[in-house]
Structure formats: C-alpha cells, structure tokens
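Shared chain: subunit A. Partners: subunit B in the first complex, subunit C in the second.
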Partner chain A sequence: MRWLRQGGIAGFIIRRLMLGVLVLVLVSILVFAATQALGDPARAILGRDATPASLAALRAELNLDQSVLGQYFSWAGGLLQGDLGNSLAAQQPVTELLGSRLVNSSVLVLCAAVISIPLSIAIGSWAALRREKAFDTVSSSVMLVLAALPEFVVAVLLVMLFATTVLQVLPAISPVSPGQRPWQVPEVLVLPTATLVLAVAPYVARIMRASMVEVLESDYVEMARLKGLPERTVLIRHALPNAIGPVFQVIAINLAYLAGGVVVIEYVFNYSGIGSALQDAVVNQDLPVVQALAMLIAGVYVVLNLLADVATILVTPRLRTRL
Partner chain B sequence: MTASSASGNETNGHDQTGSWLSAAVSRRQFFVGAGGAAVLAGLSACGGSSPSTSTSPSATGSPKRGGNFRLGVTGGGAKDIFDGQNIITKPDQARLVSAFETLLTFDDEYQLTNDGLAEEVTADSPTQYTIKLREGIEFQNGKTMTADDVIYSLQRIGTEGNGLTGFAATASMDIKGLKKLDQYTVRLPLKTADSTIPQTLASYTFGIVPVDYEAYPSPQIGTGAYKLKSFTPGQESVSERNPNYWRSGEPYFDTVTITNFADSTAQVNALLGGQIDAMTDLPASQVQVVESRQLKSLISKTGGWVPLCMAIDMPPFDDNRVRQAMRLIVDREAMIQQIASGYGFLANDLYAPFDDGYNEDLPQRTQDIDQAKSLLKDAGMEGLTVDLNTTNGAAGMVSLATVFASQAKEAGVTVNVKNVPNYYGDDYLKLAFSVDFWGTRGYLNQVQQGSLASSPYNETHWPPKSGEGSNFESLYAQALAATDDSKRIELQHEMQKLEYEYGGYIIPFFGSLIDGYSPEVQGFSPSKGTLNLATFGHGYRTIWFG
Partner chain C sequence: MSQSGIAPTLAEGVQTPTPPVRSSTLVTRALRLWRTRIGALFVLVVVVIAILGPYLAPHTASEFVAIPNSPPGGDAGFLGTDYLGQDVLSRFLYGGRGILVMAAVSTAIGLVFGVAIGLVAAYARNALDDVLMRAMDVIMAFPQIMLALVAVSLVGAQVWIIIAAIAVTTAPRVARVARGAAQPVVERDFVQATESMGLSRVRILTGELLPNILGPMMVEASLRLTYSIGVIAALAFLGLSPDPNGANWGTMIQQNQISLATQPWGALTPIIAIALLTMGTGLFGDGIARTAAGIDRERGDE
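For the complex of A and B:
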C-alpha cells in the first residue's frame, strides 16, 4: 500500500477513487436500508388493492423472498451490471424510463455550468480588482439579492419578463417532446438555463471575489508587481491560479446541487428531467426508480467532489508538491 | 364519475400534483352519472333518430378545420395508461375520450342522450335490456363496429381479473349471458333489477373497444374522433384526426397534443405564453389573471362533493345527537368562500343534485351554534374533542378540515386535524371522522358506491343495522326495481330523508370545475358532467380554432 500513499497525483486520484467507491457502497447500504424501513414494500406499493396473488408476485419481483443480505446483493449486483430493475409504476425498465430524462437534465446542468462558471469567475475577479469601486459595489449587491432569492422566484420573474407579461419573446415552458433532444429545441433551454445561472453564479462569484482579494494582498503578488511584470501577467499567471482553488469546491457543491435539486426548475418550466421523475417515484412508492436515482445523484456528488479536489490540487503548487 | 370530478374541483386554488391525484383516482372504481332512470323511456322513444352532428356549437362562427390543439392537463406521471375502458390519472381521462366512445352519452345538463354508439337502449323488463347499435360505424382501422365488439367490451370490463375501473358497476349484469341477437343488436340480461344500467353504459370508462382489444402498448383503436399516433406516459401524447369519423363534418383539428403538467404555475404560464391552447384545473385565484389577459375561463358547476364523514357506529358519532350537532356547527356559505373561493353552490348534506329524484323539500341546514351546544349537552358530550383525518388528495380536502375545526371552536368542540400522507391505506374506511371526495353521479349509483353495507367505499358505515334507517337497503332494492319513475322518485326521497336525519355525511357544498383556454378556441360551453373542459370539448369534436 506504500505506493498508494505516494505516487504523486495519480496515486492521489486512485486513493480518492477508492474512497468514492467506499462512499457509494455505504450510500447503497443506506438506500437499501431505507427501503427496508418501509416494512413490507410490496404491501406499501399495492396499498388497498393488494391481493395475496399480487403480493406474492411483487415480492418475487422485488426478491423479497430472499434473506435481507441476499436481497441487498442481488440488487447491488444488478446495479453493477447496469440492471436497475423495472419501474413498478410504469412497468418498464428503469433505464428506459430515465434515459431521456437523464439526457435532458444533464444538458441543462451542463449549459448552466458552461455559462455560470466563467461568468462568475470573471465577475468575481473583476470585482476584486475594482474593490470598493462602483462595479464591485453594484455587483456585490446584485449577487447578494440574487443569492437570497429562491430559484422559483427567479424563474417566475424571468417568465414574466420574457415570456408572458412584459415581453413575449421566449417560450414560457420548456417542453422537450419524447424522442426529441433538448439541443434540437435550443430556445426552450434559455430561461431554465438563465435561472440556474442566476442561482449558481452569486455563490461562485462571491467566493471568487473573496479569494481574489486575499491573493491580491499577498506578498507574492506584491513581489510580482514590484518585479515590474505586466499587470496582465500578474493576474493571470500569479493571482488567478492561487485564488481559484477554493472556488472549485464551491462550483462542485453547486453543480452537485443542481444535479439533484433542479426539481423546482423542472416544475416551473414543465421540463422533463430526473428531478420530477424522482418526486413522482417517491409518491408512487416506485422503489426501483427511487433507488436508481438516489444512487445516481450520490454518484454525481462523489465524481464532482473528486474532480474539484483534483483541480484544486493541480492549481495549488503547495498542495501539488506535497503529494 | 366520482374521482375525477372531485379531484378536478380546483375550487380553492390549491394546486394538485398529479401523483396524489393518481393515488386517489385509482382508489375509486367506477363512474356513472345522474339523470335517473326516467330517461329510459325517452331513450327508447328517440330511438332511431339520426345523431346530431355537433352537440353544442354555442360559439360564434361556423366551425373551421385545421390546426394542432395543444392541451395541458394537471397531474399524471409514470403511472399514466392508455386504455379505452380504464383510467388512473387525469391525463388518462383526457386521452381516453379522444379515441373511445360510449353507447350512450350525457349532455351538458348531465341528462342521458342517445347520441352515442347505440341508437337505443331499451329495458325489456326490469332484468333485461336490449342494445341496438347505430349501423355503419367503423373503428379507426376500418373495421365495422358490431354486436361482437359490444359483447367483448362489456365482458372485458366485467372480468374482475382485468382490474378495470368499471368492474364494480357490472355487478348487476349477467356478463356471461350477453347475447348477440343480430349484427347490430345485443341482449343484456341482469342478475338483479337495475334501473341505472343506461347511466352505467354512458359513463366514459365504458368505452366500446374492438374484439381482442388490449391496453397500450397494443394499438389503440376506437371509434373516436382522434387516433393515437404517439404516447409517452408521464409526458405527452399526439393524436391525429380520424378521417373516417362517423359524425359528419367532425372533428375539426388535424392533431391533438396532450401534455402532462405537474404544476399549475407552469400550466398558466404556458397558456399566457401561448404554448398551449387550453388547460385543466385553473386555480380559482388565477381566474382574474387569466381573464385580464384576454384569455377565457370555463366554469362548470358540477355535482362533485367533498364530505366530512362520521362513522355512525363509532363513538362519539354513534349518538345521532352528536351527528346533528356537527351538522349545525357548519357555516356552509363561509366554507364556499374560504374553501372554494366562491365557486361552488350550497348543499344540504345530500348528494346527486342533478338527479330527478333529488329531495329539495328538506329544509336547508344552516349554522346554529346554540342548538348544536344543547344537543351536545343532551348527549353528555360538552367540550368534545375529536380527531379529523384528511389528506392532500383532492383539492379542498385539507382546507375543509381546517375550516371546520375553526368553526367547531365556537361550539366548544376541539377538532384535531390529522393530515395523513398514506390516507387510503389500511385505516381508510375504519375512521370515526374523516374527509373524502366524490364526483357527479346519479343518486342510486352513488348509493351503490358509498351507502350500502356492500359498497366499496362506505366511509360512514351507513345504513344502521337497527332502528331508524335500517330499512334503507330494502328501499334501495325497491327503487332499482321500480319501473314507474314517480314511484322511484318517491322511494329516493324517502331514502334521502333518512340520510338527512340519521346519516353520517356532512356535505357543505358542491364544487366547480374551472378550466382555462385561449379565445382562439371556439365551441366550449359549461357542462355539469364529470370531466374537465366540458368532457374535453366532447372528445375534441365540438371545438375548433376560430
């Protein structure tokens, strides 16, 4: 195991990957235990329509006739092979049910990330450079207000502004027909993406500004300036890489939040993604779908955190060299 | 039908997320309307008349053809189905009526008409009906509709293992004894006398399907105005105009697109933004908003109701004085305002207001706190404390409970409202005091569903085994067998008087269905029926783009 403790960045990634797998295993046990806590899931699912025959059939389908440990392993085994079981409500494979919704959600989160990350880094850095000047004051107040507004308020305001009341230039809802992909109807992505950008950007911009302010006051930036380096080089080569480290963590947390928490956006825009599927599945007590989505969202958290840690280490010389 | 209309009572502006609705709808079994058996004679008399080409084109201008009608429906989800004889969610209702039709129909006044697939339905005797089909009607695949299809359809519903919503309503039918008399005539024998058969045949889950029909994903072939092109449960369906439709001239749209909405905010925005042409269940609070934007609302006063249910055999309600006291606590007018935003009409603890046998002679109950207090005192129940169980099911179920709790304080009664998530689980129908919901239907049909010992959903445990009201079941049997309308009405009045004086329901008001649509759409008119948007524009046939 010694090589693991060394091995530079590669060793670090491998260690973190193993940790991530461990986390997912623990999550899978938790998810599975939560299903057990329902008592007899078959009865919970069938409710008052339960007949002995349908109960027996469902128990067999859910492998409830096996021991608890056996049930866990057959579920986890299926999970590893990409077999997520059948949705109880829709009577079709979970992968089929969630496939296009997963694409829809990913596209939305990706659009939001691609726009919000550079934008908020730019705004935060610029605000730090113009500290306590007009741009800083204005952007800081605006960011504070936006951070305080719940997403659905932002969404409803945007809809009123651009789709229903003031202007009617953009679609008020974002339907993606079955068989269609979101990029085939890019106009429906505008308002949901804008809402998510406005939801995420304030946090990232504020941490970017704080981090940048700190770095700009540091000795090495002063040193660089005294050396007579052009301001451009000082900022991009010396200040930015050092300031951005903590920002990656905030970005990762925000993106992970988006992956699991865009239900509100999906409701307001009637966008069919995994958030509304999860809500529907919980109400229907559709265990295979709930389990699949819980594992998926946990996986997104693990991967994003891993990426953030790696990125932080890569841009922070002190951490990089310590490996 | 029961569930849909009650659940569609968006009278209090609460938005109703679909999945709760689905749970609630699937709980209920079958759907039949009012009108009473009186129409029977009329039906036979009208037999043979040609169908009207448009049921209610009250709007301006003559119908025009073309366009894609986009409807947003509240609720639905992964549980959505497409079946000519079954529904689980509200979008299922919207889709069913696009492709499937019934033998008889209800008009906008909720009276039976023979405008459907049958030319006439005649009672040969109290225990035998003859169904005469309209000739020359073709299914969407070109196959002619015959007696065989009707027999298959009724037997499909009447087979318990199929689990269809209409099964309970076939209890009196001798399903195995169905007989083809000729190509277009079917004999329907009954096991027991049942004068409500025509209403049953007109309920929308009694759609006529071709022999060997099966639910989606099998092909959906009905006689309806639109043929299913694509369907994704939880999302949307697209249907195309049936070029071979039997009513001349209809329908008018080229396509009908039905989209699920989990949330009414998105629905209203889509309507305001012009992305849909009509929506179900416009929240009452949004009626003004929508109308101020030159959009339209369709307000249909239905017979849907949300009752407080007292189990007459469980303490403290096993004492009729307590039941009467509870009824006198209720301020009905205030409830209409607070729970239904004014969109509702006064009820008198009786159901089925559109039935010809509805008893209007009984005095309207009003709030009388003093009398309530003195009744409670007589019963030794001063300062009573009770639990009232409810759930976020149909709109108004929770607010009814909370408003009642606050009104009860005046009479010194403490009502603890319990909002139970898994309400329709093991405890349902075993509670002393609970809230439920029902839709428009005829009196005798409703009694069969909720007020007999054999009823599937008897919340109040009515009728009592002894004492006042114990003759209720025998009155019911007499009413079903009555061939004379005045006799039946007389019996119904007697039954309602018993329920009014000794029953367990508190019914404060009847709700309304409120829907929204674009002024581009012509042909909508309010309906007392159970489905939204006046039975979805009568199966999308009687509406068009102006």
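For the complex of A and C:
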C-alpha cells in the first residue's frame, strides 16, 4: 500500500475513491440488513391474513427463497446493472417509476444549490468583514433562528405568507403533471426552492463567516496588506481561497442533506419528485422503492463528500502544496 | 491550553484535578447572555404547555365542537375548529407531550451511546478508533429523516422504532463531536497520571475525560434535541405518527394545511409552538457555545 501514500493529487484522489467505494458497499449491506433484520418483508407487505400461497409467491418475487448471501448478491448485482427491481405497489420497474421524478427533484435541488451557495458565501464573508457590526449581528441572529426551524415549518410559513393568508401571489402547491417538466411551470418552483435555500444557507453562511474571520486574522493576510496590495486583491486573491476550503465540506453535507430534505418539502408542496415517491413507498411498504431511494441518497452523500474532499485540497493552497 | 506545569508528585489518595468547567457554572454564566435567557424562556413556555396542557384543555382532543374550519369565536372556541370540527385549542394543548417525550428520550439515548463511542474511540488511538469512526460515517451517509423513513417503512410507525431510528442517527453525530473534543484531553498529563495510578479504563473515561468535554457536549445535546424535535414532528407531518388521528402538533399542521386560507389557526398554532421550541433549544445551545468559547479564551490569556 506504500505506493498509494505517495503520488500527489492523483494518489490522493485514488485513495479517496477507494474509501468511497468501501463506504458504499457498507451502506448497501446496511440497507440490505435493515430490510432483512426487521422481520419478513413478504408478511409486512401482505399483512397478517395473507395466504401461504401468496406469501410464497411474493417471497419468490423478492428472491426471499434464496440464501441471505444469495439475496444480497442478486440485489447488489442488480443495483450495479441499473436494475432496481419492480415496485410492489405500481407493478412496474423502479427505474421507470423514479426516472422522471428524479429529474424533477434534481431540478429543485439544483435551483436551491445555485441560489443558496453564492448567497451564503457572500453573506458569511460580508459578516466576517463587518465583524461585530450591525450586519453581522443581525445576519447571525437570523441565521441562528432559521437553522433551528424544521424545514416543513418554514415551508408552511412561506405558503401562508405568499400563497394563502397574507399575499396570494404564488401557488400554494406545486404539482408537476407526468408529461410536464418543472421548468415549463417555473412559478411552482419558487416556494419549494425558497424553502430549501432558507434551510441550507444558514449553515454555509455560519461556517463561511467563522472561516473568513480566522483567515482575516492570519499572518499572510496581514503580510499582503503590509505589501500595500489593494484591499480587493487581498480579499479575493489571498483570503477567499483559504477561507473557502472548510466551506466545501459543509456545502457537500448540506447538498446531501437537500437530497433527504426534499422528502418533506416535496410532500408539503405536492411536488412529484423522489421525496414524495419515498413518502408513498413508506406508507405502502414498497420495499424495492425504499431500498433504491435509500441507496440513491446515500450514494449522493458519498459522492458529494468525495468531491468536497478533492475540491478542498485543490482549492486550499496550503494543503495542495503539502501533497 | 491550561497545562501550565502541573506535574504533581503522586502521593497516595491524591485528588484528581477538578474539571475545568463545571456544567452548573457554565449554565449560570451562559444565562447572563440574553440569547440564552430567551432560548430558555421559549423552551420553558412550550414544555409547560405540553405537560400541563391536557389538564387545562376545555374539550377532549377528538370531541366535535362546531362546524369544521370555523374561525375563532362563539361555539368554535378561542382558536376555532379544525378540519373535523374539533377544538383547535384543546388539540393544541394535548398535542405537545408525545413529541417532547419522544424527542427527549431518543436524544438522551443517542447522546449516551454517542458519547461512549466517541470517548472509547478517542482514548483507544488505534485501529479501534478507525473502525468505530468509519462505522459512524456509514450511518451518517443517511440523512436522519431518510433512515427514520426506512425504519418506519419496515415495521410501521411505532413509538419504539421512531425512538430507535432517531437514537441511531443521533449517536454517530454526537460521537464525532465527543471524539474531537476528547482527543486533546487524552494527550494531557493528568490522564497519563491516572493511567500510571492504575485506574480502570472505565474510571478514566467517565471520571477524567467526560467532565472535560461537558461544555461541547451540552452544545451538541441542545443541537441534537433541536433536530430530533424537527424529525419527529416531520414524521407526524408526513402522516407517520403512532396514532394517525391523535392530537399531535405535526399531524395537526398536515391536517389543517388545506384550510390555511380560511382558518389558519389550526396549522398556525402548532407551527408557532414547534418554532418556539426549536428556536429555544437553538438559542440556548448557541449561548452555551459562546460562553464555553469565552471561558476558553480567558484561560488562554492567563
């Protein structure tokens, strides 16, 4: 393994990739074990008064008649080939069921990310520059309160403000009909996106502020100022690249969180994405769909963390030269 | 760091050093900050409502009082009626206890396991540390609500599985913080001193390490409580509470969301309660964090 400890940035990326694959394998075992350990899925689906014949038929469909290891490998093998099994409730392949919903959810998360990340980096940096002044105090308090509110509370409050009770300028629910794409009805995206932005921005802004405060007090920023560089250059060329490193981790965690957080928000707005699919699947005990979505969301988390680790190294001058 | 030359000659029966920050002094000092006071007040108000509410409710939670979605006033009572014609005020007064108890119990279980795992990992400093923390990473690959949903999909929305799911997802996040806080403590001289005195590992973890990480753990505890409340309320909101028609703040919001335009109180009252509660724990935790950081800074100046 010694060769892996060297190799600069490429070696580092390969090490992280291997770790990511390992975590994904462990995650798949966890998802599989959870669905195995907590009782007989066939009985859970069919209920108490299922006939032995229908139980046996469903067990065969779910591959429950194989050995545990055999079941795991046929499921995990299917995952690798993009075969996620059949939905029990809809009687159609999970991939077909989730395909367009996946697009809808991605659009939502992407909108939220594109707005919230630059916004929160700007707020955090500005608060750090105006430390202990009015903007910093106000933004810190607002962020603290926003971070504490559960996202469905924020969502319903936004609905009351903009759709029902106070103003009636936006739709209260955001249905996207099957043939439609969300960008064809942009007004339905506004409130769900705003909710996600409000849910994520506080965390990123707070870490950005903390990181920026630390960097602004460092020797190299003082050095750059003493050299007589204009303040803009000091901030953009010297402070920002060093301050943004730790922020990538938080952005990654929050984007992964968005993938899970959409569950509740899509339900509030009746938006047809993977979140409302998960809620349906949970209520209907549609295990193949639950398994697929669990793997998908965990996979997103692992990939984002990987990207964040690599981006941190590439962006932070101090860490990059150490490799 | 306050390691200024403590090299005690270890006589027999030597007293172990007093913990640097006692939790009681930390809270007292934190309460000098306005944000901590406001936070504590918010939490207190909601907890009192949740505990005493059922005794004060004018009606039972499922009694028909007036026409569904009546606005406040007359027969409909102080806050009007909900989508089934039940009294909003009474349902509100009944609906907090379940959420609070479940959140408190699940967070407490998660904290105990998380702190234990974090301390063992920090003290081990070997392969065990790596194995434990990688295992925590795997669990953390699932957002809390996601893992709770998977668990509920398997056995139904029962109290024990919701508590277990939240405890299981709380523990790794706590463990990470506990390990991070304990790592510098493990390196300090007094830990080596107690090792050489032959104290058992359990005594070192609970008697030496634990008191020294109480500050960060209290911050983490209030943060985790905030999230647990959010997840439990969100599950109820998604229609996954132990009693689907019972009075529960999360359920109330979902049931009355439809009539927001005409009778907003059915959804707004529980929203205000949940918001006060989570803002309260959030502000309280922030106050503690600031106080703990301030104490550290004073020490650094000494």
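Everything below uses one rule, namely that the second predicted complex is superposed on the first by the 317 of 323 C-alpha atoms of A that agree within 3 Å, B and C clash if a C-alpha of one lies under 4 Å from a C-alpha of the other, contacts with A are read in each partner's own complex, and residues count from 1 in each chain.
As a working rule, a contact is a pair of C-beta atoms (placed from the backbone, for glycine too) under 8 Å apart; a residue touches a chain by one contact, two chains touch by 3 or more.
This one's a predicted model, so the numbers in the text were calculated from it and none came from an experiment.
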**Asked** So, on subunit A, is it clash or fit between subunit B and subunit C?
**Response** clash
**Message:** I'd like to know which partner A:Val268 touches here: subunit B for first, subunit C for second, both or neither.
**Reply:** both
**Message:** Quick one: is A:Val190 in contact with subunit B, with subunit C, with both, or with neither? Answer first, second, both or neither.
**Reply:** neither
**Request:** Applying the touch criterion given at the start, work out whether A:Leu97 contacts subunit B, subunit C, both or neither, answering first, second, both or neither.
**Result:** first
**Message:** Going by the contact rule set out at the top, does A:Leu129 touch subunit B (first), subunit C (second), both, or neither?
**Reply:** neither
**Request:** Figure out whether A:Ala281 sits in contact with subunit B (first) or subunit C (second), or with both, or with neither.
**Result:** both
**Asked** Which of the two, subunit B or subunit C, is in touch with more residues of subunit A?
**Response** C
**Prompt:** First (subunit B), second (subunit C), both or neither: which does A:Val156 touch?
**Reply:** both
**Request:** Go through the superposed model and pick first if A:Tyr301 touches only subunit B, second if only subunit C, both, or neither.
**Result:** second
**Request:** Once the structures are superposed on A, label A:Thr164 by its partner contacts, choosing first (subunit B), second (subunit C), both or neither.
**Result:** both
**Prompt:** Touching subunit B and also subunit C: which subunit A residues?
**Reply:** 44, 156, 159, 164-165, 172, 267-268, 279, 281, 283, 286
**Request:** Would you tell me which residues of subunit A are touching subunit C in their complex?
**Result:** 22-23, 26-27, 30-31, 34-35, 38-39, 41, 44, 141, 144-145, 147-153, 156-157, 159-160, 164-165, 172, 256-257, 259-261, 263-264, 267-268, 278-279, 281-283, 285-287, 290, 293-294, 297-298, 301-302
**Request:** Quick one: which bits of subunit C touch subunit A in the complex? Just the residue numbers, please.
**Result:** 35, 134-135, 137-146, 149-155, 226, 229-231, 233-234, 237-240, 253, 257, 260-261, 264, 267-268, 271, 274-275, 278-279, 281-283, 286
**Complete:** The subunit A residues in contact with subunit B across the complex are 44, 47-49, 87, 89-90, 97, 156, 159, 163-165, 168, 171-173, 175, 177-179, 266-270, 272, 276-277, 279-281, 283-284, 286, 289
**Fill in**
Counting only contacts in the complex, subunit B reaches subunit A at residues 17-20, 22-23, 26-27, 72, 77-79, 163, 230, 232-236, 259, 261-263, 265-267, 269-270, 272-275, 422, 424-426, 428
